[in-house]
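First subunit A sits with subunit B, and in the next complex the same chain sits with subunit C.
Showing the complex of A and B:
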């Protein structure tokens, strides 16, 4: 289907509507990022960049990140703008279905968690817990392009 | 702290303008200030704790500043900020939105080279290179930056005005079964599916 990208994690194949998610995020990016006044802290990219994750750990950290966004980010990002809210829930639905497929990979043992991805994900949670929930969730949502850039 | 009293109107429309990852900060002069306004610029890597001054853009009277080398790592995102000075007064620092070089750049059309036989045209397309911040820097094709990069090619029969469109991933295309002695116009565009980026069509 147009705009669906297949991500290969070892033997596991995970389709994802990347173009749709990107378009949804681009439409609300300026709005969401303007709600995050903190320049000096990032949830995903500092101090450790996602781009330094070993390829063997990619599946596991992708699963952890999708679980993070589904469980800790989208539900705390309601705004007063219905257009923005609709875009957020559309992205959330896409993440939910991708996370389900990643979960199947995990069950088939194709998604091993190495020490590095465990450490990396701990750092992300620490960055998140360093802020109050709403600020942390909004900052994480504003960094969705960082996650998508890394995945692609 | 010697900080001047900031009563000057602020610089306006502070933003990055980026083409092939040549990332230039632009702004408009504060309203109603006329000549003589000077500016200074600083930038920050998003998520890193400090603002960094740009010495080459300190006390300048132009309204742009090339930050390409400071923002060349497209795995990071950036903010930049401008402050105006005039006759001892200053403005506030005025910031850009968050700048992501990978998704917020524009891409030039590809280079198109054409050769022909009497009944076919062979087209070779070359994607532009990432802007080099210094002559000695290694050339990086935007094809390496955007692995999913594709080309949309248009071939127009100038006599019949009939047009064909092709969408290809590799950079060569042969168009057969053409009419001998007829002029054809070839034009090409770059299309990156995600993040969605489209160049204009080549001349």
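Showing the complex of A and C:
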């Protein structure tokens, strides 16, 4: 079915329409990645992979990453291609909906921000700010499957 | 030149079983073919992208007065829709939906099912309703309503085996749909009962 995945953060349950988001991303991935000329750099994985984040920090960094994409990334990814714009809108609105539920978790203190996730997120922001905003946004969007794979 | 063409009226969203359509009344201009263009705006566009609108290409310069929104309304947030009329270079003002639409508001109808007695086997046929749908099937032996059994089907194959029936006994089935993405279920379908082949006395 349009798989809704339930992510558990402590006592918190966050349902996310993972299949729909992945389908939207897959439909535009090649187009987005073709707009990213700097293939040697990574926003999410440099210098360390997300997989190195401790499980206790998962909730916090997931919330930070969703906030990063909602606040900084999607708005700078508008293209001349209507189909791509529609899929980006679909992903952005799904991220907004999921971020709201993550925020509720955060308020219930189920999201402890440890030193490691704080450091990791600082690194991601530094990678992002190291590029001009459109390139950084397109690269971040092109790496969405890295985030989705790590979440799953 | 825009003011000559009135905005489309009676704009509404019809949403059933996670299929969403925008409809409006035609703008009548004698002897001319009026076309329409539709745009949508999700909560993200309102809150984070300066209230921008996104055109739906399949419903740009269309002569139809209906537009399929299903592909674009794909998140559980509040959306707004708008449509305008176009005649040559002339464009009407936008007509915008009153209030917001969230896909959680879709109306869910009971599934279409057919209970089948195949010899001693109780089968059920369910109509496929698309990837968003799961099915909860309840079945019981008639007269033993307190011993209802349940099967949850996450993917629909055309025929599902529910149980092996006792000869000559009657069994009943009903089902409802469930949509995880909006965490809602339909009402139950009408109950259907079928009788197993064979003579009940054979079992005495």
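Just so it is clear, the second predicted complex is superposed on the first by the 150 of 152 C-alpha atoms of A that agree within 3 Å, B and C clash if a C-alpha of one lies under 4 Å from a C-alpha of the other, contacts with A are read in each partner's own complex, and residues count from 1 in each chain.
To be clear about the criterion, a residue touches a chain if its C-beta (ideal position, glycine included) is under 8 Å from a C-beta of that chain, and two chains touch if they have at least 3 such contacts.
Quick caveat: nothing in here was measured; it's all calculated off a predicted structure.
On the superposed subunit A, the two partners subunit B and subunit C both fit, without a clash.
With both structures placed on the common chain, the touch criterion links A:40 to subunit B but leaves subunit C unconnected. Once chain A of one complex is fitted onto chain A of the other, the partner contacts of A:30 are limited to subunit B, with no touch recorded for subunit C. By the touch criterion stated above, A:148 is placed in contact with subunit B alone, subunit C being left untouched.
In the superposition on chain A, A:19 makes contact with both subunit B and subunit C. Once chain A of one complex is fitted onto chain A of the other, the partner contacts of A:83 are limited to subunit C, with no touch recorded for subunit B. Here the vertex is the CA centre of subunit A, and the angle it makes with the centres of subunit B and subunit C is 80 degrees, a multiple of 10. With both structures placed on the common chain, the touch criterion links A:116 to neither subunit B nor subunit C. Of all Cα pairs spanning subunit B and subunit C in the superposition, the closest are 6 Å apart.
Residues 3, 19 of subunit A lie in contact with subunit B in one complex and with subunit C in the other. Subunit C makes touch with subunit A in their complex at residues 40, 42-45, 47-49, 52, 54-57, 71-72, 74-77, 79, 131-134, 154-155, 180-181, 183. On subunit A, the positions that touch subunit C within their shared complex are 1-4, 15, 17, 19-20, 24, 70-71, 74-75, 78, 82-83, 85-86, 89-90, 92-97. For subunit B in complex with subunit A, the touching residues are 44, 46-50, 75-77, 79, 97-98, 100, 102-103, 148, 193-196. Those residues of subunit A lying in contact with subunit B across their complex are 3, 5, 18-19, 22-23, 26, 30, 33-34, 39-42, 45-46, 49, 51, 142, 145-146, 148-150, 152.
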